[in-house]
Amino acid sequence: MQNATRPIVAVVGGGFCSPQEAILAERVGRHLAQAGAILICGGMGGVMAAACRGAKSAGGLTIGVLPGFSAEDANPQVDIPIVTGLGEARNVIIVRSAAAVIAVGGEFGTLSEIAFALKLGRPVIGLGSWELAKEGRPSQAIVKAQTPEEATQLALAAISGSNW
Amino acid sequence: MQNATRPIVAVVGGGFCSPQEAILAERVGRHLAQAGAILICGGMGGVMAAACRGAKSAGGLTIGVLPGFSAEDANPQVDIPIVTGLGEARNVIIVRSAAAVIAVGGEFGTLSEIAFALKLGRPVIGLGSWELAKEGRPSQAIVKAQTPEEATQLALAAISGSNW
Amino acid sequence: MQNATRPIVAVVGGGFCSPQEAILAERVGRHLAQAGAILICGGMGGVMAAACRGAKSAGGLTIGVLPGFSAEDANPQVDIPIVTGLGEARNVIIVRSAAAVIAVGGEFGTLSEIAFALKLGRPVIGLGSWELAKEGRPSQAIVKAQTPEEATQLALAAISGSNW
Amino acid sequence: MQNATRPIVAVVGGGFCSPQEAILAERVGRHLAQAGAILICGGMGGVMAAACRGAKSAGGLTIGVLPGFSAEDANPQVDIPIVTGLGEARNVIIVRSAAAVIAVGGEFGTLSEIAFALKLGRPVIGLGSWELAKEGRPSQAIVKAQTPEEATQLALAAISGSNW
């Protein structure tokens, strides 16, 4: 089945981001496409647009799950705009549709995607993203990566190890 | 932009359907793919599965916007499973993401998709589907087609005429 | 249980409506409150505001399930604003939360609520609202009422007869 | 306007919780009701049920925004069951409908509610709940309370100070 052979991986992060984060996200997107994965993201700017650019530079397929009411909201590198009109609630769709999630930086919206992914049991790889603790004890739920290459490898390894 | 050159068209209808409806839906799916359109649907069985089969038989791309919690719910001809977990509320996403909607037969779930599409100003083509009236006066909001070929042509013509 | 003794009934209809429809909706709202039912609606203007006015005139409780992002969108007679940010997808929440649905007039958004209600097996009473047919055969799924009093009685009778 | 004089406050936390967390949540619920606030929560068990019990013990009004398909999923202390059928995506509705959020303990679902609340600019008070950091720097976005009384006071103070 095509779904199984081409995993869908989410890249999440801010709609606005630093130049450094954009470079990281673009490299994540490119590595995912080179590995044959389909990219799913929120379809907007910042980290999302950078990841899409990276994926398209390697001939990948990109899905943008948009919060608003028009396909024209999508960044130009989105192949498949999914127009939800659900606002931030669309975050859960991005994560549900993905076999693994890579978070690049990110603010509170990204945190909601990380939280949903962990709730749903999806592997979450963080690249300069949130760190969690409870009652003073750090949580290891978000796997930290140091480079885009490592983030991609960790995500894909987690997927092959899963019965997704 | 790729989005503009490859319109996304929804085919909606029952998760269970008659053999005749399946044949109609399969032909709609094939014609859409031959015309270069991307098929979006609810990703399940019945009319949805038949439309996907038709699209894949002509090398098309298929998106299934699933109501449940797992990509494995998708019929085998879905290339891109979007896993919403939203139940019937996912119907609005199918319709928002499409430039036009073709309804083949269908029950009340299909009627909700038709209603949303009309609310959003999307062209709706009906093939043996619902008919509407208010206070005894028939509504012409659903454009009736007699054949799958006509349904596809009406949908694509409506899109080219739109500023979508 | 309080939920069972005070049924929740939805009144659906246009955000803009004729003066006649407003009078009908107001009377439906008042009768529902007099019968001890809680009113749920979309929380906006037109039929929704009229139904809320009627319910409050009889000391009832009103819930508004809003499509937008702010409680301030609610009409002034809404006691409990539920702020969804989901746009039209909030229609399914109104209907799911209600034991029965009364439609007063209405356009395509109302039709989507009727369709969802029928899909979910909720009784639907129509007061000058949509009429359905398929392949030329009228559907009796929407029970027609002639007056607000009859609409309310039909809705409440359908609920008591149900195992809701 | 009634909405403004009776603020709606969310209590979020695990569907399963420790006896200690249940005691904390019950006291939060009671204090909120004593202060005249309406309680909104996810309507299920654990922290949600405990908060509802507390609110009802002080004559408060309770709203449960349910993830599933039936009002019967609600715990018995829910006055107003809102039946979404949206699964975890209902978390955003709880938070959008509240003027402030109190988190008692909680797992990843609770973290998603905290994240949405922070994204939407709602004050978030934590009682033995998540702690956030980014790149090694702790975030102060979640205001820590030591007791249920303090949590309630902080939430209500934040609301009065806001132009909600």
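In order of appearance the chains are A, B, C and D, and numbering begins at 1 in each one.
By definition in this document, contacts are C-beta pairs under 8 Å (C-beta built on N, C-alpha and C of every residue); 3 or more make two chains touch, one makes a residue touch a chain.
Keep in mind the model is a prediction, meaning the values are calculated, not measured.
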item: Pair with more cross-chain C-beta pairs in contact, given A-B and A-D; value: A-D
item: Copy pair subunit A, subunit C: interface residue numbering same or different (half cut); value: same
item: Centroid spacing, where centroids are CA-atom means, of subunit A and subunit D in whole angstrom; value: 28
item: Inter-chain centre distance, subunit A versus subunit C - centres from mean C-alpha coordinates, in Å; value: 40
item: Two or more partner chains touched - positions in subunit A; value: 69, 85-89, 92-93
item: In the complex, subunit C residues that touch subunit A; value: 69, 85-89
item: Residues of subunit C touching subunit D in the complex; value: 1-3, 8, 38, 63, 65, 69, 71, 74, 76, 78-86, 92-93, 96-97, 164
item: Contact footprint of subunit A on subunit D as seen in their complex; value: 86-89, 92-93, 107-109, 111-112, 114-116, 118-120, 128-136, 141
